[in-house]
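Supplied in structure tokens, the structure appears directly below.
Chain IDs A, B, C, D, E, F, G and H follow the sequence of writing; residue 1 opens each chain.
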Amino acid sequence: MDREQMLEALCAVRSGEMAPEAALRLFAQAPYEDIGYAKIDHHRGLRNGSGEVIYGAGKTAEQISGIVGRMIAAGGENILITRMDADKAAAVARVAPLFYDPMSRVGIANRVERPLVGSVVVASGGTSDLAVSEEAALTAEALGSRVTRLYDVGVAGLHRLLSHLAELQSARAVVAVAGMEGALASVVGGLVDCPVIAVPTSVGYGASFGGLSALLSMLNACASGISVVNIDNGFGAGFLANRINRMKGIEA
Amino acid sequence: MDREQMLEALCAVRSGEMAPEAALRLFAQAPYEDIGYAKIDHHRGLRNGSGEVIYGAGKTAEQISGIVGRMIAAGGENILITRMDADKAAAVARVAPLFYDPMSRVGIANRVERPLVGSVVVASGGTSDLAVSEEAALTAEALGSRVTRLYDVGVAGLHRLLSHLAELQSARAVVAVAGMEGALASVVGGLVDCPVIAVPTSVGYGASFGGLSALLSMLNACASGISVVNIDNGFGAGFLANRINRMKGIEA
Amino acid sequence: MDREQMLEALCAVRSGEMAPEAALRLFAQAPYEDIGYAKIDHHRGLRNGSGEVIYGAGKTAEQISGIVGRMIAAGGENILITRMDADKAAAVARVAPLFYDPMSRVGIANRVERPLVGSVVVASGGTSDLAVSEEAALTAEALGSRVTRLYDVGVAGLHRLLSHLAELQSARAVVAVAGMEGALASVVGGLVDCPVIAVPTSVGYGASFGGLSALLSMLNACASGISVVNIDNGFGAGFLANRINRMKGIEA
Amino acid sequence: MDREQMLEALCAVRSGEMAPEAALRLFAQAPYEDIGYAKIDHHRGLRNGSGEVIYGAGKTAEQISGIVGRMIAAGGENILITRMDADKAAAVARVAPLFYDPMSRVGIANRVERPLVGSVVVASGGTSDLAVSEEAALTAEALGSRVTRLYDVGVAGLHRLLSHLAELQSARAVVAVAGMEGALASVVGGLVDCPVIAVPTSVGYGASFGGLSALLSMLNACASGISVVNIDNGFGAGFLANRINRMKGIEA
Amino acid sequence: MDREQMLEALCAVRSGEMAPEAALRLFAQAPYEDIGYAKIDHHRGLRNGSGEVIYGAGKTAEQISGIVGRMIAAGGENILITRMDADKAAAVARVAPLFYDPMSRVGIANRVERPLVGSVVVASGGTSDLAVSEEAALTAEALGSRVTRLYDVGVAGLHRLLSHLAELQSARAVVAVAGMEGALASVVGGLVDCPVIAVPTSVGYGASFGGLSALLSMLNACASGISVVNIDNGFGAGFLANRINRMKGIEA
Amino acid sequence: MDREQMLEALCAVRSGEMAPEAALRLFAQAPYEDIGYAKIDHHRGLRNGSGEVIYGAGKTAEQISGIVGRMIAAGGENILITRMDADKAAAVARVAPLFYDPMSRVGIANRVERPLVGSVVVASGGTSDLAVSEEAALTAEALGSRVTRLYDVGVAGLHRLLSHLAELQSARAVVAVAGMEGALASVVGGLVDCPVIAVPTSVGYGASFGGLSALLSMLNACASGISVVNIDNGFGAGFLANRINRMKGIEA
Amino acid sequence: MDREQMLEALCAVRSGEMAPEAALRLFAQAPYEDIGYAKIDHHRGLRNGSGEVIYGAGKTAEQISGIVGRMIAAGGENILITRMDADKAAAVARVAPLFYDPMSRVGIANRVERPLVGSVVVASGGTSDLAVSEEAALTAEALGSRVTRLYDVGVAGLHRLLSHLAELQSARAVVAVAGMEGALASVVGGLVDCPVIAVPTSVGYGASFGGLSALLSMLNACASGISVVNIDNGFGAGFLANRINRMKGIEA
Amino acid sequence: MDREQMLEALCAVRSGEMAPEAALRLFAQAPYEDIGYAKIDHHRGLRNGSGEVIYGAGKTAEQISGIVGRMIAAGGENILITRMDADKAAAVARVAPLFYDPMSRVGIANRVERPLVGSVVVASGGTSDLAVSEEAALTAEALGSRVTRLYDVGVAGLHRLLSHLAELQSARAVVAVAGMEGALASVVGGLVDCPVIAVPTSVGYGASFGGLSALLSMLNACASGISVVNIDNGFGAGFLANRINRMKGIEA
């Protein structure tokens, strides 16, 4: 409920069109639908610039299907479901048209074609970072961004990365995905002049400590213009990259 | 040295205007000036979208003065110096016109007026976060962004934050600065639809562990569109906020 | 054995009704029953204000059944069993009437109806915190408190929480359950004037580190009146909430 | 602004006594006073059951004096200031009548006598925990609770603790302060049937890691009815103990 | 090879009974038997006061059987095997007479009766610490100590522990086994005047972090005379308790 | 108060020599003296096998002097004071005869000659571990043990250690003090057959993390018969070494 | 692409043999083959002194087989594959001749005999470190080094290690593999005068924390000439040992 | 004492030239000089390939001067003293000719000219890493290696590093010094084919945690041929680099 709607309601109260009690109920009324195990927020798209996203990890197939069903009934399209195992995806596919990528475990229900705009680059260090990278890429695409994938461009073979300099430098936002020492973010950050979103991954062994090593490394990146999301949070990076990519210019 | 310059040099070699050995030297030649204790990168502004920034913490007053002198000689303006103690600032002020803010320890040498554009909000949780908040705000301003400061709006008194909802929601980028539990980032992230850059601060006691608590909290923020910079890294947040704020729209 | 009983015994010794050796044995005698793998404390209810609770995680189905059997034989009612897997519950159900909630893995043996009093609110941030939340709610109910459940009211969607302000503000104790960044405790703490018991949960991924992130965040909560129990310790929170809820007023 | 006040304002709008724009301003208006470096919340006492408390650590003597002055001007009494060094206290004492305890660094401005009620016990393990213990005790007293101090009753000399059993068992809330291994909370928790608030202290050496050892120990306390506040947070424990101590009974 | 043997060999060299090369080989020759995957140290009993112990966790059933076979062939008795799963025990039982305790996973091959001497007490906090406690108790017994088991005497029910005061105070060494907050070691340490060996266990949940909480707590125990072994290291504690228990008096 | 005294008192009650109320007071009466800032436990020597020890770190010179004065008045000799800075020692020396070692900051008030018995070896790795080593050695000596010091015998120069093999192997208890990698405990543990008490020290730099590295290393020592005390806890090690050294043989 | 090739290409441009555009493509062209899920770097052998190595952990059997196939097609021999499970090895064996060691999970495809040179010693502490030790040994052998294995020479039985002193002291590089307390590296480091590469292993229990204890211990090793690789990184140690072993002397 | 000397002594015993007791003393005799607070190892140069090095941090000026004096008396040259503060250096300079570098706090007593051989490169990321870098460089030079310094070549400005490719690629050993995210080691490791020794530095702020971030990053470096020394351990890196640099080729 935004400022304007509030003013409108208050005017309706003054004019007698609305009883004070009704206004009170309206103000207190949450713009979500309560289906027992979740409160679906149909208005989040309006407030936050994108539709509801379903975090699949802690939910049963029935819960996900139920939420998807309600959202489609409310007109939802391109409904993103993250961290959804294949068997849950199979269950959801029975109640709604579903695109599903098993590697990143990303699903998109009621997917509709729409033009992709701008330029997001998702760069990653090694084969083992592919799942997180795809989560980022599919998220950004589902939200409307054009995505270029630069995989296996880790810093131990610098020439692989440098041979894609042109693509990197034409991006409006770069997502840098890396596990182990996470140096990719620093190196990329020194090469581009757009925001870089670093995603540490839990891939690795030994003293990588489930992504902690890459996380600390990325937080300490010397280049400017880099920020970090949570370990393995490909979705968060893709979401933010899309938000940045789709920014409008400052109005004169 | 970009693709175009490289092609140009190769053409000069073909035409005989340039010897192959000279081209080789040119390719290998770094676009920086070596003054012994530092290599000043005059071209970074071109490559990275902003001028050189001097991280003052590990440098002597003489080193900072020296670098500033060279940069001004090379035409530099609005040269940002972070983490500079007051006594170093006094020394620098002797060799160059200097704006200096003692709380955030930010200096700006050869400051020139220029129009500030767009809208960056810097919000912070408590009085003790002011130094980091100002580092972020002064950085963004030095780089050309208009900044609104919302200080002392911590989540324990939610109404203080909510009373500034309009300012928050009209921002193009929000910097959320908080120590202790760092909840400000989550709450702000749920209220706006622009990128939110969270800065954990080392303010606090007990189990705040020098900012670790706020850092982890912010990395785990449930709202989307949030990313995190290093503990107390007000500069990094301000730099990134400016970069996002000043983005142009996607060209048709 | 309390002060009064001790005095009584000493008087019996003086009067010759009890031999000194007998008194010595009495003082040394523990008010528990030793059944080999456990020492059941039938008097704890008297000393501590509530009956024995069985922590099911480290015990076999046989051990739990045995303890329950002895406690019922000693007149026990509403015997709470926490962290009990479904198969153990099935075994226990064969020796005693058992209520069992598979999500929170809470069992209540020999459950009897009794009036619920006062008002405890259990609030939680997301669908994935339900198990811990229910452990808290069922515990408080089993011990005699009336419980209101406010689930899925995380701070990323502040309006969901604020729409339940009245219920929150009429509580005598609030249990705030949250994983990830744990900001719920801070926000709730700023809205109510009763004790808030924060329960960090191990739900999450990345740098949530099995609940550490939420734990640190809650310990650092800026609002006053908040204390914290162990990660996932829904039982402890429900137990304490009941104790606070059922407090009597100060006698004049 | 509570539900009732909101309804009242809406009625005033309907009756024409108040313009919608005025109501809107009213709703948006925060009930605090902005003095530049802080926003003083005069209504917190109403909302939260106690007056504003000033956390002195991150503030200058001038800032503290300024806030105290405004609060006294607004009728404030028994204004608690924590973590205030002696020199700051001297400065504050120049602008307001001030009680100051140098060990705990607690100050109480504009202190007025009032009857202390109920019973809070503050128990601590060793001489070195006195500062934190006193912060808790003075806080609870400033807020109106009668406090009994049991200091130097660590578990290595169990008889010291047991000789105070009667005082412990008659408390309505116990604050258990301990550094090092923090076992005091567990032992006390097994002896009483009121809420126990554990405060880990940073006192210690070696692997006590600034209080982490005691913090973890207390979180893992086996006894029920224990919750934990932040390391060295005597204020938080005293605040919560007072809140619990002063609870009214459930109305029939 | 001790000093005396060395001197003896040197004399044999001088007398010509032994060639220098032979002595050199002798000095260099390790008093162990190399069976490929392990070097069995038949002399360790002489050097270290007890026979070889086999750590079963990292070895295959075949390896354990092989080592046991060689040791029995070399006259070994009461050969202790720790951390041996039931299936490995079954395999070993085929090649040697074997006592096996499935809870603690301790095996004793070629067990022979011998008088147990002195007094070791193994005390533990809860049912879940039984496995580690039994590892300690069986180890001390296998090495010749008389052991008294005091299980389920955690500090939350202090009277359980105090009712065994006489047994505790007559011990020559106490092993205190506890998980969670590990307070048992502190309390026991304050009650006895013999060495106390504390064993933290990994039992627990939440912020017990696999025994770290109990470990830190025990290291910080306030009572004197306590030392700590590794988490879950019942064997190490039993071994050391036996060594202390069997000490001879100082010779006049 | 031990079992025998308790029985005696009960007999006095039966015989009418003592009123029950008096016995009750006696039982509840703690055998310590309360001097405000501390409770001095004159009986600890009886219960625990050694006199009271004063931990000087958290106490003022006045407090230490006061406690020492009371203990000497009660007949105390060889009163050990640890972690006492030189200026506090000077103050104490004014009220009691005091031996003071500035390196280890150990003081012994009212020191009296007595025969030292048995054999404790204190071995340390490097020059920088001397302070902690001396704390251990002086403690063991003050309590009556003969001590041999083997300093600067770190494992990087194995021959230094091996040249003292005879002294090591004739010890009844060894204290192994080491910082950095703490390997000394493991190596010593493999060479002797008496209990080894390992003391990690906070000496070191880089990833020694204030002694954590040595602590973990020692806890994981492969040799048997090793236990560990807290970082820098020379006192605890010396105390325990003395206790072990002075053990009597098992009575037939 | 090295300096010489670059100069050569530039000369070809000058002479007109190569168009500038072609040179540009050449410079930008990465010397790897892109097969979709990986970019194979055929030239790494030239640049880095050894062939490509395949890290098998994060790859499917199909991916490994595919890469191996391409590398053999490009003339690759002695292709090392690390962290490859037995079932993946079986799949790879169908497309290429494969040596496979199940314990260390090392595979060598298209293995060819070649003379082994120099001397690398791989020493390890216990039976449980064998897998990592073999990974190191097989890696060094596959790259051309002669390897001596000294297994089960932990510091708790120092004589085992000392009996191999001659082999240790004739090595050109030593790999010291150890879990638990990691003291082997320190002791070995004090005995030899060649580089020592320490490999912490995750073997252990309790406070070994997945190898962290050994890692910290090794980083803090007192002896000089020691460096450390990641936990369990037998490959890295073997690779580096081979590189050091095969160094040529300094040219006059 | 090596194998040959041992055999020689044994032969002397056989021939009667040496008494067995004398040989025993010889074997047991440590080749060091004991000066009370330290045991100086004059033979370490023979055993370990370099002279004694004095770690100055934990020693007094008198101790350092004393050790230096003895070493010079024993013919020592180029005696390296690390971590020596300026005032200690001044004291040492009074007893011996001393080179001293205040930034790295490295001293070299009795410095003599000698030819430097081979090629060690010390590369570092930023101005703030200079102290550690110089410690490494001066150490390697003092031990006889020719050193090239490449400072301020951090990965955020990749061209600075790449412009020194030739120097890097002609090194026989590279020391890579970096704080913050430590990415320099990875990038350098991918560019050279000699051993790379990574030195994490404690320079940085926020989540660099005293060098932990760089340490973990370097341990997880993706490139092969990299090993790591302790945080800030410039000496260790320089020592090892010299050892590798000066390796002889394998003899045919």
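Note that in this section a residue touches a chain if its C-beta (ideal position, glycine included) is under 8 Å from a C-beta of that chain, and two chains touch if they have at least 3 such contacts.
Everything numeric in this text was worked out from a predicted model, so none of it was measured.
**Q** Common contacts of subunit C and subunit H?
**A** Output, common partners of subunit C and subunit H: A, B, E, F.
**Q** Which chains sit in contact with both members of the pair subunit B and subunit E?
**A** The common neighbours are C, D, G, H.
**Q** By CA centroid distance, what chain is farthest from subunit E?
**A** B
**Q** Would you mind pulling out the distance in Å between where the CA atoms of subunit A average out and where those of subunit C do?
**A** One centre to the other, that is 38 Å.
**Q** With chain centres defined as C-alpha means, what is the inter-centre distance between subunit A and subunit H in Å?
**A** 49
**Q** Report the inter-chain centroid distance for subunit G and subunit H in whole angstrom, where each centroid is the mean of the CA atoms.
**A** That gives a centre separation of 25 Å.
**Q** Which subunit E residues reach two or more other chains?
**A** Only 3, 126, 157, 165, 190-191, 206-208, 212, 215, 219-220, 224, 230-231 qualify.
**Q** For this structure, give each pair of chains that are touching.
**A** A-B, A-C, A-D, A-G, A-H, B-C, B-D, B-G, B-H, C-D, C-E, C-F, D-E, D-F, E-F, E-G, E-H, F-G, F-H, G-H
**Q** For a test of understanding, state which residues of subunit B touch subunit C in their complex under the given definition.
**A** Interface residues on the subunit B side: 125-126, 154-158, 179-183, 185-187, 189-191, 204, 206-209, 212-214, 216-224.
**Q** Could you please specify the touching residues of subunit H with respect to subunit G in the complex?
**A** Residues 2-3, 47-50, 53, 117-118, 165-166, 172, 190-195, 197, 215, 219-220, 224-231, 235-237, 239-240, 243-250 of subunit H touch subunit G in their complex.
**Q** What part of subunit H is in contact with subunit F in the complex they form?
**A** Touching subunit F from subunit H are residues 1, 28-32, 37-39, 41, 44, 57-59, 63, 83, 200, 202, 211-212, 215, 230-233.
**Q** Enumerate the contact residues on subunit F facing subunit C in the complex.
**A** 3, 6-7, 10-11, 13-14, 16, 19-21, 23-24, 27
**Q** Can you tell me which positions in subunit C touch subunit A when the two form their complex?
**A** Interface residues on the subunit C side: 126-128, 130, 151-153, 157, 159-160, 163, 203, 205-208.
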